[in-house]
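The same chain A turns up in both complexes below, where it pairs with chain B and then with chain C.
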Partner chain A sequence: MSVSHRIHAIRVATKREIRSTLHGIGLYVVLSLVFLVASYVFANTVLRNVGDAGILALPNPVTLPLIVSTGLAAAYLGLCSSLSISRDRDLGTMEVLFYGPVDAVAYVLGKYFHQLAAYGVVLAFTLVNFYGLSVVTNVGFSLEIAGIMLLSVFLTSCMVSFGIVLSAGSRRMMVSVILFLGFVLFFLIFSLVHAWVIGAAGRDAASTMVYVRMIMDSLDQVIRWISPVEYYLRGMDAVLRKDTSGYIMSAVSSLLYSAALLAVSVWMLRKKGVRR
Partner chain B sequence: MIETVDLTKKFGDLTAVSSLSLHVEKGEIYGFLGPNGAGKTTTIMMILGLVPPTKGEVRLFGKKLSEDYFNIKRRIGVLSEVQYLYEEMTAYEYLRFFGELYRVERLDERIRAVLGQVNLYERRHQILKGYSKGMKQKLSLARALLHDPEILILDEPVSSLDPYGIKEVRDILLEENQKGKTIFISSHILSEIERTCHRVGIMSRGRLLAEDTMADLKRRLADEVELELELETVTETILSALQSLPFVVAVEAHGSRLRVKTKADQDYRGQISSTVFNQGGVVLAFSRREMSLEEAFVTITEKNLSLLTKEDSAA
Partner chain C sequence: MGTARKLARLLSTVALIVALSPVAWAQETESGETALIDAVERVRELTRQAQEAAPDPSQAATQAPAETDGQGRPTLEEQVVYSISVSTGRQYEGTFAPRQMDTIYLLADEYAILNVQKTMVYFWPITGEYMADWFGMSEDVPGRLEILQDGEVIQTLERVPYTYYYPSGRTGEQRLYIGDEAIQVYEDYQARFNAYFDAVSAYFVEYQEWQRTMDRLLREVQETGVYKDPSEIPDPPERPSPPVDFAYNPRTAFAVKLPAGRYQLRLRGEDGGIVEGTTKTLEVFKARRSGIGYQVIPEHKWTRRFESNDPSDIFYLDGKRIFYVLPHYAEEYNQYQYVKMRYLHKPLEGEGTRNAWIWAQLAPVTGARLQVLHGGEVVQEVEMKPYYVRQRPGYALGYDIVEFDPKADPALQGRSPSFEAYRVELEGDRTYQLRFVDERGNVLAGSVREVRPIRAPGRLVYAIPLVPLVAGSIVFAWRRWSAGRSPASA
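Take a look at the complex of A and B:
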């Protein structure tokens, strides 16, 4: 009985939020940005290759612009998620919702599905954009593109859940946004530094770099389970290797990651309360 | 309809609510009074399940909230002290959203009815950002009434309203009560509580100091009763006869008017009028001055505060 009430609350809350998103300017700014970035990356890789060499030497010319644009959109929605709960708490609107037939589970899932629905709009736009690009340039719309697009839904799910858990744990909007940006930056910088350390330690196996590498490898083992981007990268790797079971594993682990973070968000919300 | 048993809430060392047991009957308007920091809002939040109690329990419609969370919540309407609205919405959109959430049937009809009740129907398409504080409060009341709840829980429902708005809200509450709604009001505006409520509970420092009907509360609190008489003529013999009565505490004369203070242990009006009559006086008017709720509130909180302070220092 409570399941149907919960589903109803999720549906109504998601509907309100998505309507508000569609009436706002943020999503359209991001869609424009996605279009511009994708076009720039495409021009800078495919067209430059063709211009310089006279032939197209890339096996999957649309892959990189697609990864960049979906990644950008997922990061934006993750950022929005990191604002969502803390803003409601800050404004007091969360308290009013909880006067009525809404509980922590329905509330958190409403926030989650809202962002996924917003990503649906992004995905539809991306699909049209890349399909058009494939047709116009005659590079072909491959199954790989569809695979990456589907994978980006799981990336968005991870990003959004990550944003929601930070938001549920913060009382102020500013804190949750800083936390989100801080974590994402840390993951990116760590991954760059880690790659550099692997290279450096490979060149000089006797130096202290080996120990640094060992430490960073250990840290990487932890971060690969915490960072939402890691799940996407694993899936991407599977796409490029045409590894179907790896792809499925990536999708399932993304969903498990999201479910775990959403459960933590519900727990945090109950613990912190809904009042300002 | 609303029952709390031994409800206690502690925030660290601070006891915000201490062993609160209260019972609000169906169809009753219950006034919940207390100075700032008395624990009223914490109590309301515990009743609504938004703050978990440290000890004790809350029952609504005879059930714990956890037993039937969604159905119980759908039967309650809540108005908070501060109005938190989705300011980018219009009043119509705002009520439509909550109406869908509460699964209100014939929603458009209900929206029209409640906006009409609070006189905001003409402004239904205005963005809420442009609403005044009073309008926001009335819209929140409309939201609380939208799903026709059986219990209304109102925290300071008239705090932002002008006298006309206060009367409007009072009339709405009395009308809703006539329809059978149980109303629980927490307010600082004692005159409003006095005009609206059947029973009041007075809290201070997290404790329920008194709970009774308005009339019984005042009667219990009064040590003395003040009677006002208008006589055809006030004579010295009448004055001295009244002063000699054992239950009379004081007599004051102002022209043809007499103010007589008696003990409050019983009703002495009959004996007063017969004494005046026996001394040849003619009573033109006779009234008993009632203690206001404000006086009762001050008496109770002051008496109990000194008691609590003594307890605290003894501890």
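Take a look at the complex of A and C:
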């Protein structure tokens, strides 16, 4: 299949799918729910703490709810990509498409760009929501926030690729959904617990806590390369430190991660075939 | 460090008490100037002996404490170890690398004192650390220290004299001097020390003379019944003040200062061979970020200070606030390396923190001014001043923080300030910037902080998230409406 035909197929598939996403109500409902959760976290942590303390020094408090929102939105789109491929296989749509001018590369990239385009809409609403929040509370909307928003595109790229590779590797929709949710939850919980264990346990930590920390640190040496959340957190750390090279490194490594997973998805689709 | 100070202070106190007894006795019995001078000389000698016997402060930190006596029988093992004294930015701290530790951690471009010594080592399971009996055995292993990088010897070091000097006393600032400078600093200190005792000798002689004059005047008044004119009564001699500074007796060790990188260390003995157990990896690391840390004392709860080291921090205020700022230099290090550098003799310290980062407080910022900016313009310039926390009298709770000025307020005479800081008073209605500038007006890097008053948004905080839902509903309704109007639908 020629490159121009493939690009055309990707464009048509992406356009069709994004139109369907934008015309449905699902994405908007999910976004509102995610933003409500973020607002609840924001109002009950930062605003309340500043009110209680009178004066506090913090990194921009919008950062935490922003991470929660973009993380949940990226996970939702990753789940959608996983569901979409599994559904296409279950319904036989995939087989029909592959009889036409669509091959594994065009199909996988079509799904990938569809979710990225959907994330463009998510990002627009995220910008409106957090800019609005920062204006009404006067917490400030800095360049770092914009940097984190941009970085979330790469998180979404990783999440979507992760969803695609799981659904390409499993024949049943339920299996791919369970695998995706299981992995994402594990990665999220691991990152949270790892950060808590390091932050909560001081120098004089009990030896049990030190051993827990050592185990988590060893696990982190592996998980940091396979978890999309870890790529995002590294990039976010670079944003807060104003480390441009670290930021670019995080973005590039996220893209390489996505490219590797998409390549594996194409290989799996070719190897396993497209039939139910 | 604390143990060393306590020990040195104890020795000095005992020496002074023992030696001052004959001084008092000599005064009481008026046994003459010779006895007094002899007594002062004894004090001088005992104090000097106590000072010279004071252990190296870095080794005292890892010395087996007396409390461990009788708490089990640890297995002592004679080992060749690296005794290590490292700068934490505020002071030098001690640790050591027993045989079991393969890697030594040091700060880049800072002097560290390393020594290769034979001592008795044991593992103390109660606190989970290796301890050394430095007081019982501490023998320098002769030789030269070789530092290698990529298999090539890049430096060969001989032992040099070093000393720790405390310009404002043992609890204050600590400085490390190396080589001839160390000897010079110690000799200067000794000269001041001797001058003090010479002055003490002279004082006691003058005091005795004054006492004799007073006795004579008193006798005359008793015999004649005529009071003396006040101008005839001599002033007593002034007691000399001891030197406030302190310098340790110089010792010799290897002074290591390297740029960041990974090296190997080993001791080449006098016979030309490598001394067994001295080959170690040396990891020299530097700060990831540096800046000015703020220690903040809110006026409404002055005992609850908090820190802001990260330059990306923003100060959020709830209404008008008064707070006090104590600035210090701060650097961010890898937590694992920083903790291992300070506590290498504690194997579990810092484990599991290879990817964590920690801010270390260094020396306080001195001679700077705090500027408050609004809209890019300096609206306040604040100097550092001493403040006193005064409890309100009576049954009412509370306190006032007042500027410490004993001349203006006699109630403060004889008291010390509670703290010295920059006082900032900000209205909670606009955004400000805080920054420190030096004497020439240059902004200190990493000292800028934004200050924002926070607003309570009420229910609006939950209304904004509904924007996507409203937008989605409009799109959905429009789609249904346009589908209803399309020819296919008709």
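The criterion applied here is as follows: the second predicted complex is superposed on the first by the 239 of 276 C-alpha atoms of A that agree within 3 Å, B and C clash if a C-alpha of one lies under 4 Å from a C-alpha of the other, contacts with A are read in each partner's own complex, and residues count from 1 in each chain.
Basically, a contact is a pair of C-beta atoms (placed from the backbone, for glycine too) under 8 Å apart; a residue touches a chain by one contact, two chains touch by 3 or more.
Remember, predicted model here, so these are calculated numbers, not experimental data.
Among chain B and chain C, the chain that touches a larger number of residues in chain A is C. In the overlay built on the shared chain, the residue A:Leu91 is in contact with chain B alone; chain C does not reach it. When the two complexes are overlaid on their common chain A, residue A:Tyr28 makes contact with chain C while staying clear of chain B.
In the superposed model, A:Pro101 lies in contact with chain B only, and not with chain C.
Of the two partner chains placed around the shared chain by superposition, chain C is the only one that A:Ile198 touches, whereas chain B remains out of contact.
Counting contacts by the rule stated earlier, residues 23 of chain A appear in both its interface with chain B and its interface with chain C. The residues of chain C lying in touch with chain A in their complex are 128, 288-289, 294, 296, 298, 300-301, 306-308, 310, 312-319, 321, 323, 335, 339, 343, 348-356, 431, 449-450, 452-457, 460-462, 464-469, 471-473, 475-476, 479. On the chain B side of its complex with chain A, the touching residues are 45, 48, 50-51, 69-71, 73-74, 76, 78, 80, 82, 84-86, 88, 97-98, 100-103, 143.
Residue ranges on chain A touching chain B, taken from their complex, read 1-2, 5-6, 8-9, 12-13, 15-16, 20, 23, 91-93, 95-103, 273-275.
Within the complex formed with chain C, the residues of chain A that make contact are 22-25, 27-29, 31-32, 34-36, 38-40, 42-43, 46-47, 50-51, 53-61, 125, 128-129, 132-133, 136-140, 144, 197-198, 203, 207, 210, 212-217, 220, 224, 240-242.
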